[in-house]
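Letters are used for the chains, namely A, B, C, D, E and F, taken in the order the chains are written, and counting of residues starts over at 1 for each.
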Amino acid sequence: MNQKKTPSQSATIMNELVLPNDTNTLNNLMGGRLLHWMDIVAAIAAQKHSGKIVVTASVDSVSFGKSIKLGDVVTLEARVTRSFNTSMEIHISVSAENIPSGEKFKSNEAYYTFVALDRNSHPVKVPELKPETEEEVKRYDGALRRRQLRLILAGKMKPDEATELRALFIPE
Amino acid sequence: MNQKKTPSQSATIMNELVLPNDTNTLNNLMGGRLLHWMDIVAAIAAQKHSGKIVVTASVDSVSFGKSIKLGDVVTLEARVTRSFNTSMEIHISVSAENIPSGEKFKSNEAYYTFVALDRNSHPVKVPELKPETEEEVKRYDGALRRRQLRLILAGKMKPDEATELRALFIPE
Amino acid sequence: MNQKKTPSQSATIMNELVLPNDTNTLNNLMGGRLLHWMDIVAAIAAQKHSGKIVVTASVDSVSFGKSIKLGDVVTLEARVTRSFNTSMEIHISVSAENIPSGEKFKSNEAYYTFVALDRNSHPVKVPELKPETEEEVKRYDGALRRRQLRLILAGKMKPDEATELRALFIPE
Amino acid sequence: MNQKKTPSQSATIMNELVLPNDTNTLNNLMGGRLLHWMDIVAAIAAQKHSGKIVVTASVDSVSFGKSIKLGDVVTLEARVTRSFNTSMEIHISVSAENIPSGEKFKSNEAYYTFVALDRNSHPVKVPELKPETEEEVKRYDGALRRRQLRLILAGKMKPDEATELRALFIPE
Amino acid sequence: MNQKKTPSQSATIMNELVLPNDTNTLNNLMGGRLLHWMDIVAAIAAQKHSGKIVVTASVDSVSFGKSIKLGDVVTLEARVTRSFNTSMEIHISVSAENIPSGEKFKSNEAYYTFVALDRNSHPVKVPELKPETEEEVKRYDGALRRRQLRLILAGKMKPDEATELRALFIPE
Amino acid sequence: MNQKKTPSQSATIMNELVLPNDTNTLNNLMGGRLLHWMDIVAAIAAQKHSGKIVVTASVDSVSFGKSIKLGDVVTLEARVTRSFNTSMEIHISVSAENIPSGEKFKSNEAYYTFVALDRNSHPVKVPELKPETEEEVKRYDGALRRRQLRLILAGKMKPDEATELRALFIPE
């Protein structure tokens, strides 16, 4: 378990067709269905990185932009950004494509975290992450700040302990 | 559309049984399925408040605690906390109950926002909210701060413009 | 198990959005899907009353009125009306709302019965019901008559033994 | 539309495998799923008889016997028993088979009624039924009595007007 | 296990309604959904013939003709054509009917093969088939040739060993 | 439409988790579900290559090897191998991974063909394919032979007209 892994070793791609039951009466993909797909692709990436069964621990703030429509192809890409002892943060990027019209756009992105479990449902250590590309290093570094925000929002850390995060709000 | 509405006029309750396809191989409810149910119950509350079709605009940070298991009954309660011109913030509270064992626990809570649309998919004004109970007033007041955090996280506001939010990080 | 329970202790509400796969080619909710939802909400109420796993034993005659349409919100409310040793009768009331048009109507109601089972699938005693409101008392009283009709229709009782039920047909 | 049709011209058979999502935590098929399948097979038979789109109008009292289990094959057979102007009564018979153990049993039966609709959702006349076998004639004759019971239970007929049905309760 | 069985002893019929989620944006039934239904009806027939749990071993070339549309009723008929020690070849015939328009047509046919397994997932012998009708005899005889083609296509037999199949290509 | 496209321009990857409803009672993925997933991933690749809505025209012989189990991650990769006027042949390769045990294996591969349609459901020309890698060239060349086999199996070509295919059976 000492061996570090790179993000590309567990990167996962999923394509989904938007079917009628995924949409509301305006033929827009429902946000909840997309959150569900994001959870699945991220869970697969977390499983691949850890070699374990995983459970979702949290989802960071997600905002949805332009509507995805019935019949569009949705592409989801998941990548581990950092691991913390028994948990992993995963970045998911979502784009949509309406093939007959040729329109393709970036829909949204998000961070999910997962905890790795053994067969008795106890958390287990996961391999460390070794970021390689510039973007991977940037996301690796930002992971600490996002983790502080998560802990504050979950009421498990006081804002004035969040050293990294405070820098955002206080010009020093 | 001038008439204010109370949270209880659109409060919505949903109960779901956790079925095999909702779970991973440890028989835990998958986080994505729960996010999907939360979106549906919140969308119904937002529809009831606005009298319009709605689309999910964002989901705030959600953290999951104790595992919900196969066969549990999940109860979701959604309530409008504040409206902003054409959008509404909805609070969702989730609890789970394992009936044969008598165990019942609060699982998690979250805020989703929705935009109301007319038949041509254009945003339309929604009724203002008139909070009544003490808790409703507290959530109504906090809605501004959460909105600033959402805008910052989506890159649409600079942290030093978030007057309300900064107070959290800077002891004044 | 000696302690009586009130109907409101196990009352259960479920809201469902009518999605494309729930409808026929005229965009009407299919009756079978509604019967399925009624079974789930009633089973949850029966589970809550008994604290046990339950199986459906019978469904009383149900008639469907005005069509429920694609995109409508369906609200189902289930309430125990009486318990009989190891079984419970549940009343389910269904209403539908087309939110953009503001139309809301009562769709139909029904009685389902359930048997409580232990881990080895053997029937177990359930708590008695203590009706409180006037309507609850009325449904509690009518339960005997409905039970006789069920037994006759299932060929397990002869019509002339159904003392309560005969009164309906023979002016005395 | 003057031409009569026989029950066998629209008889419909459906086989379903009981999958995990159809069962409760004791691995029993949930009653609501079975009611849903019964509705689909009966609707197909009613469509075939009428040559029209149909909607479920009512379900008669159904009682469930021996549990159907995960992995069983469920066989449903639907047959028109009588038509009434714009509606049809359908008899559904359900059996289940556990193939590896060789066990096969009759599970239950029921009557559903359907109304035939034109493209504007208005009821339309359906062909009359010409029963052929002895059992078909018996079900054809009983249909009047069941119809009276349905009307009484739906509050649309007074018990003392139900001439046929009263005979069951009053030895003459 | 010595006793032979006829095709009609395990013949299986399935009817399915084409629902929105089964179709593409032109309202055509997707081929993959039909392949899934064909697998289920064929697996039930193979289970009935063998009295065992079965797994799909192969699917022969299938071509799809005229489009099946939303709302059509699809009828699938499966019949064992021959058994080979622990495996069975099943013929599936698919037709579709658009009831309101009265149009009915044969859609396609296919051969699937299944292996029978015991509780430990080991292959087990299945009963021999005794074809009865002329068509059953013809399919029984053709089964050897199809089996050779399957083995060649799977790279498990050399073309020049396929005595029966070669006759198709070499006028002798 | 004159411009050729390479296979990698439309290559599509899909990952799926095997859930309980996808499996039989031995916890093996059902073949029909896999055929359905293969159809979806291939249809997306065909849509991307043609920029049109597509329908499945045929599936070549598929054989399934080692069982895929509940909880496994299935990876499907689809690639256009050749286009023929209005149709495209797609190669799909399937592998499965049981992450907690670290076992990963190639499950099977197949060829599906699709026809591109315009908004009125008429076939339309698709771009030609320009194979690049050695394997792509090999599959491009083999496509003619597979097409002849398909036409023979569908009864649309006589075996002795299948010049390319005959070579397999007749050592020249």
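Keep this in mind: a contact is a pair of C-beta atoms (placed from the backbone, for glycine too) under 8 Å apart; a residue touches a chain by one contact, two chains touch by 3 or more.
Worth saying up front: this structure is predicted, and the values here are computed from it rather than measured.
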### Co-neighbours of chain C and chain A - touch as defined
B, E
#### Entry: Pair with more cross-chain C-beta pairs in contact, given A-F and D-F
A-F
## Note on the structure
Note: among A-F, B-F or E-F, over half of the A-C contact pairs reappear in B-F
### Summary
Cα superposition of chain B onto its copy chain F, rotation angle rounded to the nearest 5 degrees, comes out at 120
### Task
Would you kindly say which chain has the C-alpha centre located farthest from the C-alpha centre of chain A?
D
### Gap in Å, rounded to a whole number, between the CA centres of chain D and chain C
20
### Message
So the centre of each chain is just the mean of its C-alpha atoms; given that, what is the distance between chain B and chain C in Å?
### Response
30
### Summary
Expressed in whole Å, how far the mean CA point of chain A lies from that of chain D is 49
### Query
Where in chain B do residues touch two or more other chains at once?
20-21, 24-25, 40, 43, 53, 71, 119
### Query
Which chains touch, pair by pair?
A-B, A-C, A-E, A-F, B-C, B-D, B-F, C-D, C-E, D-E, D-F, E-F
## Note on the structure
Interface with chain D, chain C side, in the complex: residues 24-26, 28, 30-33, 35-40, 43, 53, 55-64, 67, 112, 117, 121, 149-150, 152-154, 159-160, 162, 165-166, 168-171
### Query
Taking the complex as given, what residues does chain B use to touch chain F?
20-21, 23-25
### Task
Name, in rising order, each residue of chain D that touches chain F in their complex.
19-21, 70-71
### List of chain E residues in touch with chain D within their complex
12-17, 40-41, 43-44, 47-48, 51-53, 71, 73, 97, 99-100, 102, 119
